[in-house]
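Here come two complexes built around subunit A, the first alongside subunit B, the second alongside subunit C.
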Partner chain A sequence: MTLWRGIWAGIALIALGLTIFATVPAGWLWPPQAMHLPFAAWLSAGMKWLTDSAAIGPVTVKGLTRAFATLIEAPYEVVKVLLVDGITEGKGRRATTIIPPLSWVAVTVAAVALGHYARSIWLGLLAGALMAYLAIFGQWDSAMVTLASIAIAVPLGVVGGVVQGIAAWRWRWVERVLTPILDLMQTIPTFAFLVPILVLFGFGPVAALLATIIYAMPPMVRVTVVALRAVPSEIVDFANMAGCTPWQRMRKVMLPVALPDLMVGVNQVIMLSLNMVIIASMIGAGGLGADVLESLRRLNIGGGVEAGLAITALAVVLDRLSQAMSERVARSEPRKGNWWRRHPRTTIVLAVTLATGALGYLIPALQDWPKAWQITTKPFWSDLIAHINVNYFDQLEAVRVWFLETLLLPVKRFFLALPWPFLLAVLTLAGWRLGGLRLAALVLALGLFIAASGLWEQAMITVYLCGLSVVLAMVIGVPLGILAASNQTAGRIIGTVVDTLQTLPSFVYLIPVVMLFRVGDFSAMIAVVLFALVPAVKYTAHGLRSVPAELIEAGVVCGCTRGQILRKVRLPMAVPMILLGLNQTILLALSMLVITALVGTRDLGQEVYAALATADVGRGLVAGLAVAAIAIIADRLIGVAASRARAKLAAT
Partner chain B sequence: MTERPVKLACRHVWKIYGPHPERLLAGGAVPTMEEIRQSDHVGAVRDVTLEVAEGEIFVIMGLSGSGKSTLVRCLSRLIEPTGGEILYDGEDLLKASPARMIEIRRHRMGMVFQHFALLPHLTVLENVAFPLEIQGMDRAAREARAREVVQLVGLQGREGNYPRQLSGGQQQRVGIARSLAVEPDLWFLDEPFSALDPLIRREMQEEFLRIQRQLKKTIIFITHDFDEAIRLADRIAIIKDGAVVQVATPEDLVLAPANDYVAAFTAHVTRSKVVTLGRLAVAGLPDSVAGTLPGAARIEEVAERIVSADAPFAVERDGQVIGHVTPAAVISVLIGRSA
Partner chain C sequence: MKMGYPMAFAALAVSAGAAFAEVESTDPIKLTLHDWTGQLITTNIMAAVLEEAGYNVELVQADYLAQFAGLETGDLHVAMEIWETTGREAMDAATATGNVVVMGETGMLAKEEWWYPEYMKEKCPGLPDWQALNDCAEQFATPETAPKGRYLGGPVTWGGFDEERVAALGLNYEVIHAGTDAAMFAELESAYQRQAPILLWVYAPHWAPQKFKGEWVEFPPYEPACYTDPAWGPNPQATHDCGKPFGPIWKVAYKGLAEKWPGAAKAVEAFRIDNDTMGGMIAKVDLEGQSVEDVVDEWMTANEALWTSWIE
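For the complex of A and B:
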């Protein structure tokens, strides 16, 4: 052990020395041109073949994608008619509405009813208030476009995920095929999904929907497999002993028993869909995401903040409602009487819908919140930011410059000055020490892929920004987690804040940061830290809370002070959990980092973003895969470290 | 017991886990424990041959890891045995098609589980009616039948509750009711009372004997609790490392353990709980007896009467007097001096 500690310290010293003093020959600093393999060209050619000539039997892939698009488009149109367009006659400006879409009153009442059904009238009122907020602040139409996409993406994502999950549970080989694909899909940045979809399906809401579904499905697959596995073996035995056919066993026993766990997955699909629908505005999803994007591009501060708040409101409504649904306890006494007595809430919602639909012709305010009554906060936000920027510019600038000069630039120089064979060797050594030859080989292969992709510089910038953000997130997050775990009130407050932060789509984080610090690495870093903070706090608090009470009592009996219990009992026991939190923090940071390309970083994210703008599939995918490679290296190394730490604690 | 027809028989049943379990049994080989272990296999069930008679309570007793749960799952074919035959009313279950197996399980087998295995999303009544629902029985008929069995296990009034609203003992009553809803001939109980508190366990054992007196099923009962085995069993099979060590009535087991392993269990058993009058009876009749008692009665049940009468009793079996017992003999058993 001490030997290895010495070796690692030596390696760190050599690295520092190399970057400060040595002049490294060109081919050794970054991978030489001769090493580059034209991955991008290959992928582009493959994609071209796929779209132009590939066929499964008589059906071309192009035909297949078209058919698929139509399949999604039809229900999407229906939902859009319901929520946004209504039934109209004529086109464009001359269109006249025959039957209006659902009125804001009807949708708000439906949200209240859903909240009441899922938990309590208080949840209903919260949901209703947030929906009313959307109407009053003039975000209704955009919000409904976004909601329509989610209303289609979520059922498709859930059903697709459950079906794949069942297949993976049932057949070993399906799981073996799916697992690496799911791993890769969760580490590939969101933008990278968009490029091939853009090429296959073109620009527009359907392509955006498809990207959303593909992005949101993997967690549902995983949750389904885990939930089905968690069904007690005795219950499976019982189903067999009762003489169930395999179909009966799945439908009447396995799925109902697994339902509470599956609902957790549904919540995840909803939140991921929202996140992706916002990002997918880049390929034409429309709605609130498009508003944010537009504001960011034009630096329209007020508009951006307003759209961001609207997204937040929508996110909170969707998250709280779906969470409450998953925790809902079944009523033991079924209601009696005729249909409307048994379904009072559905009846009210239907009545309100019809009534506001009909009365809307006479009193337009019931249909659409009148423009004249809309409250806009745009000037307020613009003024506030302008005020801050005018009066506190020096202070803000000082902070920015300080961070840039003392932290960002030196670290960046360090990573860019590291010779690539040295870094690869160190990573491979770490892989070998932690997880044996297989892990070492994996790390080496992924590292060589990055080296051969010709994106070494961008990859190093990614590593530096991500690494620094993760360190900051941990430095802030772990103490917050400790505080949350040791003080009830603080725990509740931090919990609420963290939960809310978690529901926000990544896009939203960019808005305040850009407003205050303009574009650049520093803004990107703050956005990434904010976004990646959540797991650092959550896992630390969870790890500390789940230390067995017996151990703490043992500490108290030994005469430990509170500080000693924290340092000597709880923190060491929580190490595996904190490591898992670190792992999650890194993955989140990487995914956010790619999105910060919008605020002008020069890393792999920028590469993907540029590829998106030019619909260059090869370039986008290679950069995306390079990000995935970094993520997988970090994930595997830390994952192994965490499980080793856990094994060590279990053994003692 | 032997005169009753055999309901379930298993012959040379094996369950071996590992890379190539079938190779170990190829050509009718009978591998030893060492051979199995050395080839990186685990012998969960080894060469088990048993016969369970109709209407018998057959207890399979073993410590945790002895393979008793695997064995009962082989008998019901929830686990596919590596080799052997399982004959249910003469039909080899291992040769039955999946469809035939579903048919047999739907109508002729019931099983009670250690952790109840109730479906959390269904009420008591729906849980009990579930096996009937699977068969496609209509709602009215299956609920009527379910109400009958709920009554049988004494849970009337609880039909609308969900499992989480019931105590452990009540939940297992639901499990018992559910397994009886289809009126199976063969009833598997896999450690049904192990998860319950001692007092409740006692109560449930009584309840179980009451139900069995009424229904007279053929029962295979798994337990790790030797006292439970002795209380309930007509015959007990002791298993260790997946193999049967001894099959005998509780009385024979206690009085003549086959080896030290069995003796270790029986050493602390109160003799009066297992020894029957028939075993204690000596031939011939004294001049006067205080009465006649059945030979199958356990000493514990009749000791009070014999000792307080302070006179010998005649012992009869199948209507024939086979001898007599004296209070002194009974007392020796009670204080553990002889037998």
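For the complex of A and C:
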């Protein structure tokens, strides 16, 4: 142990020395030109072949994907008619409504009924209040467009995820193939695959839906595999003895048993789909995401905040309802009588829908919340930012300059001065120490890919910006997590703030941040830290809360003070969980890269963004893969470290 | 096409007044919408005119540059604003495939140049002449750029040759790139609120020069030779020793438009509007808070004679 500590300390010293004193020969600092492989050209050519001439038998690939798009579009159109358009005659400006869409009253009542069904009337009222909020603040129409696309993306993501999950559980080789694909789906910035999707599936809501599904599906696959593995073997054996066919065993025994776990995956799919709302609106999804973008484009900060909070409201409704569903124990409610007595909630919702639909012709307020009654907080937000800007800009500027000069610039210089063979060697060594030869080979291969892609400088800027943001997020997030775990009131407040940060599109706060801190790395860092903070807080709090009570009691019996219990018992026990949180923090920080490009950084995110702007498929995918490579290296190294920490805990 | 009662009724009502134009196809023509107000107005006017002519129109949200993929395959049909200054490269690449055709100019001219708020003239009396910039470099400096002045350029992807311009004209300035124009104008708004110095890239038609009082820096006027011939201009050793080019805003369409909807193609080609009219409409939407639909309706009623000539 001490030997290794010495070796690591030595490496750190060499790194410092190299970056400060040594003049590195050319080709050692950044990978030489001769090493670069034209990945981008290959990918572009491959993509062109795929879209122009690839065929399976007589059917072209493009024809196939287009047919698939039509298939998805049909149910989307139905939901949209129900929630947004109603049935109309004619198009565009000449359209006349014959049957209106569901009224805001009907949808709100349905939300209340769902909440009541899933848990209690209180949940129902919360859901109803948030839906009413959407109507009162004039966000209804856009929110329904967004809800319509979520209503299609989530079931497709869930079904696709479960099917792949079952296949991966059933056949080992499927899992082996799927795992790296899932990793890539989650780590390549969505922007990188937007252009291929547009080419294959056409413009409009379907392409946006597919991009959303690709981003939101991977957790469902993983959860399904884990959930099926966790089904007790006795139950499986029993099903076999009862003479079930494999299909019956899956459908009637295993899936029902795994249902509570599967619902966790459903919840994840919903939340990730909502995270995609902004990016999806860039390729034709419309709805709240488009409102946010358009407001901020004309610096209507209030408009952006309101549309952003509407996304959060929608997220809270869907999150709470789906969580309650997953916890809902199959309460049997034996009711007698005819159909409407056995289904009182459905009856009420149907009655309200018909009643408001009919009465809406006479009293328009029942159909659409009247414009005159809408409330707005828009001026408040703009005035708030203006006030801070006018009165405190100098102080904020001083903070910014201090951070820039003492922290950001030195770290950036350090990473840019590290010779690449040295960094690769250190990473490979770490991989070998932590996970053996296979991990070392993986790390080395991914590192060489980055070196050969010709994006080493951008990759180093990425590592510097994300690395620093992750450190800051942990420094802020872990204490907040400790506070949340040790005090109920604080826990509730912090929980709300963290949930809002997770679902509020970062674009909403990015523009005010730029107004106060100018464009550049510091603004980017604030945005990344705010977003990546969430798992740091959540995992720390969760880890501390799940320390077994016996251990804490044992500490109390030994006469430990509260501080000692925290430091000596609870924190060490929570380390594996906190490491998992760190892992998630890194992944979230990397997923924010493209957003940081919007405030003028020069990292891999900028490369992806620039590729999108020039519709250069290959260049975007290569930069996206480089981001994925960094993410996977970090993920594997920390993942192994976490499981070793867990093993060590179990041993002591 | 299925025609319900209201539709048939509307058709009757129209044919009673003017002849209801027979259109070649009632399949929807897809026009792209981007995220800046001027483009929303242009596109909505075009859509309204095409609808008046009897066509079915669909408005599709699409990214400014990503839309070319759709225009090449025929998923999208018409894009109303491709700026000479920012979209030329992508437009040329698309027309080179043979699937996209340029439908002429919109009549609007894109102007972009270095810009400063009016209150900076007191602090730097030599403006708008570019030679005054070096005397005021300290005024425009921030802690990271000092003693150089700070010039906030557009996103890297916009090009614009600002680094070259700074070098060729010997300007004591550092070019900082904003990532998006939203970020760029956020800085302008922030500085304007504090009446603080700022020098940045502003373009028109846009709401910013309508909302904020200010002026464009006057560089030696652009000529094509300036970008290619070092001998041209004040610096005989370097290219780019001049201002930025002005250019038209173009309309483009999928080549199939003229085949399937020849009448619509003619209307798109005929579309013309000028900078001042557009600037006024942008201001109504962005500064006075009117909706795009209302502004477009107003224009349609006021200019009936003009747009009917497009669809004759």
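Please note the rule applied: the second predicted complex is superposed on the first by the 615 of 652 C-alpha atoms of A that agree within 3 Å, B and C clash if a C-alpha of one lies under 4 Å from a C-alpha of the other, contacts with A are read in each partner's own complex, and residues count from 1 in each chain.
To be clear about the criterion, contacts are C-beta pairs under 8 Å (C-beta built on N, C-alpha and C of every residue); 3 or more make two chains touch, one makes a residue touch a chain.
Every value quoted in this text rests on a predicted model; they were computed, and no experiment measured them.
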item	value
Touching partner for A:Tyr361 - first (subunit B), second (subunit C), both, neither	neither
Touched partner set for A:Tyr392, first subunit B, second subunit C, both or neither	neither
Touched partner set for A:Ile235, first subunit B, second subunit C, both or neither	first
Which superposed partner A:Leu296 touches (first subunit B, second subunit C, both, neither)	second
Of subunit C and subunit B, partner touching more subunit A residues	C
First, second, both or neither for A:Trp28, with subunit B first and subunit C second	neither
Subunit B versus subunit C as contact partner of A:Leu516, first or second or both or neither	second
Which of subunit B and subunit C A:Gln248 touches, first, second, both or neither	first
First, second, both or neither for A:Trp42, with subunit B first and subunit C second	neither
Touching both subunit B and subunit C, residues of subunit A	none
Sites on subunit A touched by subunit B in the complex	232, 234-235, 237-238, 240-245, 248, 252-253, 256-257, 259, 330, 332-333
Subunit A-touching residues of subunit C, taken from the complex the two chains share	4-7, 10, 28, 30, 32, 35-37, 47-48, 51, 56-63, 65-70, 73, 75-76, 89-90, 142-144, 152, 155-157, 176-187, 189-190, 193-194, 196, 207, 286
Touch list for subunit B against partner subunit A, complex	73, 76, 78, 102-107, 109-111, 113-117, 119-123, 130-131, 133-135, 160-162, 165, 188
Footprint of subunit C on subunit A - complex, ascending	89-94, 96, 98, 194-195, 198-199, 202-204, 281-286, 290, 293-294, 296-299, 386, 389-390, 393, 397, 401, 404, 510-512, 514-516, 518-520, 596-602, 606, 609-610, 612-615
